[in-house]
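Report on one structure; see the data block that follows.
We just call them A, B, C and D in the order they show up, numbering each chain from 1.
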Amino acid sequence: MPYITTYKGEEIKTRVEEVRPNFYRVVLGEREYEVDFLEPQKNLYSLIIGGKSYEVDVDAPEGSDVYGVGILGDHFEVEVVEEKKKKLAAKLAIGVSGRQDMKSPMAGNVWKLLVKEGDRVTAGEVLLILEAMKMENEIKSPIDGTVTSVAAKEGVPVAAGDPLCVVEPPEEG
Amino acid sequence: MFKKVLIANRGEIAVRAIRACKELEIATVAVYSEADRAALHVRVADEAYCIGPPPSSQSYLVMDRIIEVAKKSGADAIHPGYGFLAENPVFAERCEKEGITFIGPNPYAIRIMGNKTTSRVAVAEMGVPLVPGMKENLTSEQHAIEWAEKIGFPLMMKAASGGGGKGMRMVSGMEDVASAYRSAKSEALHSFGDDAVYMERYVENPRHVEIQVVGDKHGNIIYCMERECSIQRRHQKVIEEAPSVIVDDDMRRRMGEAAVNAARTVNYDSVGTVEFIVSGRTREFFFLEMNTRLQVEHPVTEMVLGIDLCKEMIRIAAGMPLSYKQEDIKIRGHAIECRIYAEDPNNKFLPTPGRITTLRVPGGPWVRDETGMYEGLDVPIYYDPILSKLVVWGGDREKCIARTLRALSEYVVKGIKTTIPFHVRVMKNEHFIKGDFDTNFIDKQFVMEDEAREKPYEDVALVAAAIKTYRRDKARAQRILGGAEQAQAISPWKLSGRVKR
Amino acid sequence: MFKKVLIANRGEIAVRAIRACKELEIATVAVYSEADRAALHVRVADEAYCIGPPPSSQSYLVMDRIIEVAKKSGADAIHPGYGFLAENPVFAERCEKEGITFIGPNPYAIRIMGNKTTSRVAVAEMGVPLVPGMKENLTSEQHAIEWAEKIGFPLMMKAASGGGGKGMRMVSGMEDVASAYRSAKSEALHSFGDDAVYMERYVENPRHVEIQVVGDKHGNIIYCMERECSIQRRHQKVIEEAPSVIVDDDMRRRMGEAAVNAARTVNYDSVGTVEFIVSGRTREFFFLEMNTRLQVEHPVTEMVLGIDLCKEMIRIAAGMPLSYKQEDIKIRGHAIECRIYAEDPNNKFLPTPGRITTLRVPGGPWVRDETGMYEGLDVPIYYDPILSKLVVWGGDREKCIARTLRALSEYVVKGIKTTIPFHVRVMKNEHFIKGDFDTNFIDKQFVMEDEAREKPYEDVALVAAAIKTYRRDKARAQRILGGAEQAQAISPWKLSGRVKR
Amino acid sequence: MPYITTYKGEEIKTRVEEVRPNFYRVVLGEREYEVDFLEPQKNLYSLIIGGKSYEVDVDAPEGSDVYGVGILGDHFEVEVVEEKKKKLAAKLAIGVSGRQDMKSPMAGNVWKLLVKEGDRVTAGEVLLILEAMKMENEIKSPIDGTVTSVAAKEGVPVAAGDPLCVVEPPEEG
């Protein structure tokens, strides 16, 4: 299947072929790799590529095309998307602005809620402070805009991915 | 010896204390909050009692509940671990009054050493060197300006009840004295409820070197050499080692004797640590404070000396004399400890509570795993993020670093992020390898060097991500087609949901 | 130093050798049979190549394949581990011819020491004590009767190419000599393809004590003290320790010097072990044989000496001189090794290949896990049942036993049965604790004492079984009723199958 | 639910009651226990009974009522059966003799097959030798009788529980 891999802003045409069970051919742009594959523990791969043995830790949150890949202390953020889906996404792209659904980056307690519905905020302004494991973590607005809804409540715990609040950019024109 | 010891703590240090008791054939009593029923310390103790809701203010810090459990279970001693009630003189006195032995020093020692000002006054009388500066607190801006002239620049403005870097300001010239005074005072009040501040000389290339001391109830006090704890992130120790590269035999003896003198001022009768700040430039050392507990980093000392400090602490509390004389204390090789936190080093060290879905612990020669983790554990959000400590011994520092790196490469924790990758990167850093660092190294220099590092396995990462995507897509396609074999893995309602979509 | 080392082995010893190479910053090449693609040594090595089908005769023993992989990968040395090709002089010579360093002694040493008769002749010339008896093989029943008179009773009839207790007969009187001669001869032929037998004195209360020696290629040989290996089940070591309770300083020096003399007869130039049989009654010691490899039990010596024997072996093979002089070799504390086998101690020690579904490894102070296991591993049926070794150090033997028991109590292996419960029971046995045992202890005395032991937790076991049944029945009932929540765990076709039943 | 627990030949009336989630009352004959229950890892129980904490390893082969229970090096074989089922089984009991379906006690290779269909064997006679992990394991006939079928083949691997052969006792009278 043809994919587009995005790593450090660069797009690489990618093809994956299952030559036989647990053996893949992967083409990354001009480079081609034959991969002896095993998954001895869930999302922990043992790859043998041209005789070299690698243990690779792969994390993929449900519903996301962005993978966190760990190899011996190094961390890689890689996006892999089907080629046709990528083209579609490019057409629909609306830039870095737009409506911001703020989600909790971790489980924690909402220690301080600093905004309410209708508040105007600027990019970088602290919206609320989460507390987890005795550490305070500021959640900041990524854009200038208005807080249009607030789901977080002070003193109430949230799980990773829970909605906290929504910031909408000023209407255009 | 005690019959039964209650461990008034949780996590890896509770497990450490329980192990020591087991090896001494003493029965153990665990206490746990409602968030910790599944914690490892509950599972490995002989007895276990719930002491309240998750927040530590309603459980691990509630003296009444802990004393009550001790009495109910018939425990004749309490080991406080570190943190929580470990350095609370009121708790130590309360234990004494209830006829339960507090496994730690006498309450007087805890009280005197728990306060920066009283401890400095006490040890100075015994000739222990202090950073040149004030012995009282500042009373006004004018007072600060007068003293700044005497001390010279750069100097440090510090909160009397300080810790963790809060209420501390480095002042490089007279023009900044007044504003530093005001802001340090306000931060000190906010952080510690006490706005007392003082000033002292700024020690250049500051290194944190501490001496382990052990005293018994018969007046014997010895020093168990030093630990180097300069690898700190935001004033928190993250990697410790023994011995220190900047301490030679003569300096070791002088620091050891100073530490014993400091301990003697309070008739110290347990394991404890005298912390010094050492100038990396001049190798002068100055008393910082004394910690009246078993330190997080005690294992590096244990590994190089072959002495079980946790067991020795229990024996001493039971009234037994020290098992060692000063001349028995000999260093063999080198040891390093890496603190494994539930924090994501690739995402601003954000805390990462959650379920540990996969765990593979490093092993092999001279690798010690001090853990509170197991596969399936839900790491709660309520407590310190320390999960475990990796302690490694080697014949010398170079071998020890190579072995630590080897051990870290074997570590697998999935489900939550940990600081393991950070430790891998420190072990490969050339300044760390050379021993060329001070307490600012991680925050200032390492961060930049780390950003610029080579990543040799980029293509392997891309290959892995591509295969993961391919397999995920294939599995999805097969689920939609409804192959019986693949369907096993998912539930009926999920299946129908997907088919409908 | 080598650039790349091929490890011609599998399981825990392959992992051990790979760890040593990693710490020396040498690249590693694993080889594996088709049954071992998922094995830990494949996952942790830098390179890995499949060398054939599961049976070792078609993979780990095929010299051509291994040499081929070494050449293809550019390995400049081969570490043989133990077993397989470790003591095969032909393989050592083959490596030499191909220009690849064999990490082990010279082939002459392997050849001489690999044969009981030639090794006895060689060491006797250097004055190493042998069990009083014959230096040639028996030629007839009459010959046996003549020698029996000279040696006296009880005596041992032994196969010249023996091992593992096969072809051995204890003979207590003249009337049994002829029949023992015939049956030992026949068993020896059957087991080793060689019917040569000889006789020697029977050593009373025999203990197996061995001396670790290390020699380099520059003529230096030192001894690294002893290991006690008398805890054997059916002539296989299962628990080893260092030092031995019956060896004092003087005896240690005499045994060490005898071992060095034995090693010198073959210009020994690697790590090796000289095995002695020691009379528990008289404390006389006699040469048994020399093992020209790294032993399974080498970690107990490493723990008490603070020396990495596996790394030293690699350094020596690279031509480097010994890192230690005899006077550097000093014992600190005590160490015990428990071999963890895939055998069910509660069911006649039957082998238990299969999948490891849960694994929790013991940790904490001075606990060393030498493993080839991980959670999810399928233990294959083709190889030796050793899974891992638990190695524990303590300040003295008593502390070490207490710590070993503590560590064993933390071990959890599910999915297959292991010998962990057996080790728990040995650590609690009063004869073992006193050090009062010989090589017959486990098979003869321990088995009976173990049968008769108290089991304090009977009611807890019954409670657990009752709850398990209740929960199983409840889950079944809910599945049949088809509660959506419970149904998640099972597949649609299974569910319908159950409903129909 | 009422059960009969059998341990070391002794039958004990047993009742289990789920007082609340993860908390059970277990009555064993005259003894009663309140049990704080947790299963932090599969079939590895953490039980707190009257303040005492136990880690208990429970194994139950699919379809069997006999449990292997491990606590700190000790091993217990316990059978737990519903009371009514037990009574039924008692009625149907036919003694220790009867047709013997020999099943493999472990995974391994059939190294030597020493009997064929129709062979007469005596109790204790070796029927075949299994090889696993370099060890030979003899499988012996538990009764005098005749081998009426042989499923095992020399050189062919078997899994634990696979049928090996059947030995039937001589017909009565």
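Rule of thumb we're sticking to: a residue touches a chain if its C-beta (ideal position, glycine included) is under 8 Å from a C-beta of that chain, and two chains touch if they have at least 3 such contacts.
On a predicted model such as this, the values are computed, not experimentally measured, just so you know.
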*Which of A-B and A-C has more C-beta contact pairs*: A-B
_Using Cα averages as centroids, what's the distance between chain B and chain C in whole Å?_
39
*Just curious, how far off is chain D from chain A if you go by their C-alpha centres, in Å?*
50
*Averaged over CA atoms, how far is the centre of chain A from the centre of chain B? Could you give it in whole Å?*
32
*Multi-partner residues of chain C (each touching 2 or more other chains)*: 44, 358, 360, 374-375, 409
*Residue numbers in chain A touching 2 or more other chains?*
41, 55
*Taking chains as nodes and touches as edges, what kind of graph is this: line, ring, star, complete or other?*
other
*Hey, which chains are touching each other here?*
A-B, A-C, B-C, B-D, C-D
*Residues of chain C defined as touching chain D within the complex*: 342-343, 345-347, 350-354, 357-358, 360, 381-385, 408-409, 412, 414, 420-425, 428, 453, 455-470, 472-474
*asked:* With touch defined as at the start, can you tell me which chain C residues reach chain A in the complex?
replied: 30, 37-38, 42-49, 72-73, 374-377
*Please give the residue numbers of chain D that touch chain B in the complex, ascending.*
36, 38, 40-41, 46, 48, 51-53, 55
_Which stretch or stretches of chain B touch chain C in the complex?_
15-16, 19, 22-25, 44, 299, 302, 306-308, 310, 332-333, 358, 360-361, 363-371, 374-375, 395, 399, 402-403, 406, 409-410, 484, 487-495
*Can you check the complex and tell me which residues of chain A touch chain B?*
1, 3, 5, 7, 12, 14, 16, 18, 24, 26, 28, 31, 33, 35, 37, 41-45, 47, 49, 54-60, 65, 67-76, 78, 80, 82, 105-109, 132-135, 137, 157, 160
